[in-house]
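Two complexes follow with chain A in common, the first pairing it with chain B and the second with chain C.
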Partner chain A sequence: MSLFIQRMFDGLAEGSIYALLALALVVIFRSTGQLNFAQGEIGTLCAFFASTFTLSGLPVWVAILLAMAIGFLIAAFVERVVVRPIENRNPGAVIVALIGVFLAVNQLSAMFWGVDARSLPSLFPTNADSFFRIGDAAIRWERVGIIGVLAVVVVLLFLLFNRTKIGLAMRAVANNQESSNLVGIRVGNILILGWGLAGAIGALAAVMLAPSAGLTGTLMLGPFLYASVAAVLGGLDSPVGAVVGGLLIGLLKAFLIGYVDFLSDMLFPVMLVVLLSVLLFRPAGLFGTEKVERV
Partner chain B sequence: MSENLLEVRGLSAGYGQIEVLHSLDFHVADGEIVVILGANGAGKTTTMRSVSGMIQRSGDVLFDGNRIGSARPDAVLRVGISQVPQGRGTFTDLTVEDNLRAGAYSVKGSIAADIDRWYDVFPRLAERRDQRAGSLSGGEQQMLAIARAMMNRPKLLLCDEPSLGLAPIITQNLFKILGELRDEMGMALLVVEQNAGLSLQLCDRAYVLETGHIVASGTGDELLNDDTVKQAYLGGAG
Partner chain C sequence: MSDVHHEGDSVTLDDGEVEMATEVVSGKSAGGLPVFTPQHGALHWLGRVLVFALPLAYLLMRVFGVTGIVGGGWSNSGLGLLADAFIIAIAVMGVNLITGYTGQLSIGHSAFFAIGAYTGLVLTQGRVSTPFFGDENVWDPGWTIPVAAALCFLVGCVVGLPALRLKGIYLALTTLVFVEAVRSILKYEKFEDVTGGATGIKGDKYTPPEYVFDFFGIKLPTGLDGRADLNQWMIYLSLALLLFIMLMVSGIMRSRIGRAMVATRDNELAAEVMGVNLSVIKTVAFGLSGAITGIGGALFGLKLGLVDADVPLFGLFGAITLLVAMVVGGAAQNWGPMVGAVFYVFVNEIARSIGEAPADYEAVFTITLIVLVAVVMVVVARYVMQHRNDIRANVSNGAWKAVLVVVGSMSALVAAGVMLLGISDGGKLDGLGGVIFGVLLILFARFVPFGAVGTFRIFRSRFVQIIPKPPSESRAAKAPEGVQVQGR
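And then the complex of A and B:
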């Protein structure tokens, strides 16, 4: 039982990283209809920045906020300079361009930070005794901290989307760009903002993961794939779905590794099965909207 | 000239290399209902989109003392022009109430009284305030589209084929509501339509648009009794 609880927290913490990344993917997919292939790599780049900031003596939380700001700027730049000009000419080509951004960002971080692992301190205590007990289960504070970060992001996003005029504009643009123009929303600015927001959330996911996973150029490669499956599972246009999907994938992974020995080396094939099952039997995902409308 | 709320001179517009509107002149006076009548492909929607700033256009557009011939949609809204687009254009994934809030995006200050007011005018919308707009019927969506446009507190409301896809009885009711809005608020209306019968009865004046040219104009009654208009838009009866 104590092992089960420990694995559950492992799964939830890892799932929180996927959930953050999936949230970033969903925020962009809703507004632009594109899967941002470069999302993970932008996060990795930001984590490298954060590591450099902490080395220069800045407190971890300041380094994280700065990294998120950089993530915001990079993603906003990608939207304005890469995505929009191409989308106006050939929407189908955007995904190819985003794979290009993925490769470019990946190599840029290798160029400036090398290929050896860097260290990034955690925002939370990571000493040998930084845990608490539920029965016999030892739960590390870092795990709980990461889950808490996800909770804070979810609450802030909920307030942004549902309680502010900007959030209303973001939902309107996601639904109908033409009509958004007609009610006076500057669609271009909202798109930049959405991408920037996703960039910041993706950066947050990377700096949460880096302390335990080790900061290298491939930090977000696996998590990006898990987060993509999570986003499809939850529904690509549903922020709630991204969170639930991310946590479910995290739990699935933790329990497979813990309890199903022969599958623990075949996690990606398992994810493929999950992905195909969702697409075949519930294409809109658990929380996505199926497009049924009266006219 | 200056007493006209909207004054359009030499308006040309199109898409890419193709010019759809060829130097249109028309105007709308304060509190007037003006219809632009045209068949499919005449350029009705393009005319609307040119006035509301949704597409590139050339020519002079004067509104209430403002030159808006090259203004962006958000600037056109701020001087007091709202558009009800063809096919309603409601935010189908948003609730009815969020649609109304979005309509007031350019309005500064509290909009609670406006929302209540349009719920009074359209009680059906009040009943469905928390439902997704996509779940409304066509007639309800048209009401929502009008209410959303009115949330901007316009001096001029542009309506792009409000009758499209609606049953005749619903269209009649809709035109009645549009007439009442004008009477109560002194707002002007510019409506493009291919439904000549109803729209000519509603309007003060009308223009006939054919392949991007204005080919006739007059009061609603004059055009209702005009032989060419009868032939082309009223089923040739008479």
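And then the complex of A and C:
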């Protein structure tokens, strides 16, 4: 039982990272209908920035905030310069361009920070004795902290979307760009804001993951795939779905590794099966809105 | 009738390929005159080879450091690169078939490449029991290529089945996960007997035949300097296969299936209404493209002589590599993959040598910084010039935007500075090639959507003049009524 609780917390902590990344994907999908393939890589680049900031003596939380700001700027830049000019061409062009961003950003970090792992201190205590017990299970504070960060981000996003004028405008743009334009919302600025927000959240996910996973150029390759499966599972246009999907995928991964021995090295085939079954049997995901296509 | 009927009344440009949507110059000629179709006789091709192919071959040899003809010995690594370029071109032909012609964006074809490579080595190393073939389960390298193609065709059809219902980002995401899934399966320890698990398969060196052909005493040695050299043999083999596949694909694209593929890409609904069976077409297209990429993979495995699941071309970056080569060469262009792959290998090699050389980092980064500053200044200046009336008329509105722009550009500079800090503790120019290709993908997606070959064709078509031949001299006029003859 204690092992079960421990694995559950491991899964939830891992799942929180996926949920953060999935949230970022969902924010972008809602506003522009694109899947930001470069999301994870932008996060990795920001984590490298954070590690350089901490090396130069800044406190960790300042470094993380700065990294999030950089993530905001990079993602906003990508929207304005890369995506918007080709948005109205065929959908393939945007995907190709975003894959280009993926490659360029990934290799940029290799170019500037090399291929050796960097260290990034955690925001939470990581000493050997910094854990608490539920029964016999030792739960590390770091994991609880990551879950807490997810909770804070979810609450902030909820307040932003439902209690502010900008959030209202963002929901309006997500719903219908042309009508939003007609009622006087500056759609372009809102789109930039949405992408920037997603970039900041993605950067947060990367700096949360980096201390335990080790900061290398491939930090977010796997998590990005898990997070996109999570976002599709929850429904690509539903923030609630992203959180639930992320936590579910995290739990699934932890339990597969813990209990199903023959599948512990076969996570990606399992993810492929999950992804395909969602797409084929419930394309809208768990919480997404069903798309009605008019022919 | 799914077949697009413009055989008879289309104007065939030059070497007779009109399939791309970019360049369809169709329509009946004025006055009901039959249209001039160039007759491609042997002499025509001979002339073409002399004029284009020989200089190109010479150029390629010089580019890849092959200096044997003028003395100085053969550069073996240069030959290996040329072989790599042709092998990658074959793989890109597969991607081009499904993404360029059929319009199903796949970022997962490196999986087929990996499957092909593994098939080649598994069979030549006798790791599976094949009772009726091969000498003690050990296959002749050449015969593994069709097997790899067949296996990849099957896998492609299976992958194509769910892909029937997926489009756009969903298909791209699924193929992306597919790559990683295949890599996990190849690494899986339970299949270690066949695939070698995490360590992969290390094969014996593939010994090339001594003669390219030995025909009634007419012998063409494999190595031009007398030794049978693997790289040179791989160049012949992969070039021959590449040309064969190009011929095959161009044939497919002229057939009923090919037209149906293009129709599917351009408008699925319209294609279906015209009677195209979408599921059959997409499945066949996926299978065929998988098979073609698998052939490339088999050649790659044979040339390398060892495979493991961590070979870069087998993973996510391999898939992106194939995409880069296709986009740079030109989607839905028959010559695109070859141009793109040669470009990729060439630029990658240059970038690698720059990255490895003890470069003058300070100079490189000073230049980078200067370029960055210049770009930021130009952007700011352009912005101010565009919005100067705005700023004057509506100070508050203009002011916050101006502040935003200034803050943005300042932070870009700060970011550049931090990157320089990162460099100072031991960075190398490792990712230069990747950065170049990433930026190229972005630029091509925006400015050169038809790739190098497509743009060249558009450019060339401005200089083409269509002159109808008098009816009596045209072969089409001699044909019985209702039957269109296209001279090729």
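Simple rule for what comes next: the second predicted complex is superposed on the first by the 287 of 295 C-alpha atoms of A that agree within 3 Å, B and C clash if a C-alpha of one lies under 4 Å from a C-alpha of the other, contacts with A are read in each partner's own complex, and residues count from 1 in each chain.
Note that a residue touches a chain if its C-beta (ideal position, glycine included) is under 8 Å from a C-beta of that chain, and two chains touch if they have at least 3 such contacts.
What you see is a predicted model, and the numbers here were worked out from it, not measured in a lab.
Would you sort A:T289 into first (chain B), second (chain C), both or neither based on which partner it touches?
first
Report for A:W113: first if it touches chain B alone, second if chain C alone, otherwise both or neither.
Touch partner of A:W113: chain C, not chain B.
Look at the residues of chain A and decide whether chain B or chain C touches more of them.
C
First (chain B), second (chain C), both or neither: which does A:A128 touch?
In the superposition, A:A128 contacts neither chain B nor chain C.
Check the residue A:I70 against both partner chains and state whether it touches chain B (first), chain C (second), both, or neither.
second
Give one of first, second, both or neither to describe whether A:I185 is in contact with chain B, with chain C, with both, or with none.
It touches chain B, and chain C stays clear.
With the two structures laid over each other on chain A, which partner does A:A172 touch: chain B (first), chain C (second), both, or neither?
The answer is first: A:A172 touches chain B but not chain C.
Both chain B and chain C touch chain A; at which residues?
On chain A, the overlap between the chain B and chain C contacts is residues 295.
Considering the complex alone, what residue numbers of chain C touch chain A?
99, 103, 105, 107, 162, 165-166, 168-170, 172-174, 176-178, 180-181, 183-185, 187-190, 269, 316-317, 320, 323-324, 327, 408, 411-412, 415, 418-419, 421-423, 426-435, 437-442, 444-446, 449
Would you mind writing out the residues of chain A in touch with chain C in their complex?
Spelled out, the residues of chain A in touch with chain C are 34-35, 37, 48-49, 52-53, 56, 69-70, 73, 82, 85-86, 89, 91-97, 99-116, 217, 221-222, 225, 228-229, 232, 262, 265-269, 271-272, 275-276, 279-280, 283, 295.
List the residues on chain A that touch chain B in their complex, please.
Chain A residues touching chain B: 165, 168-169, 171-172, 174-176, 178-186, 289, 292-295.
What part of chain B is in contact with chain A in the complex they form?
52, 54, 72-74, 77-78, 83, 85, 87, 89-94, 98, 101-103, 105-106, 134-138, 141, 148, 152, 165
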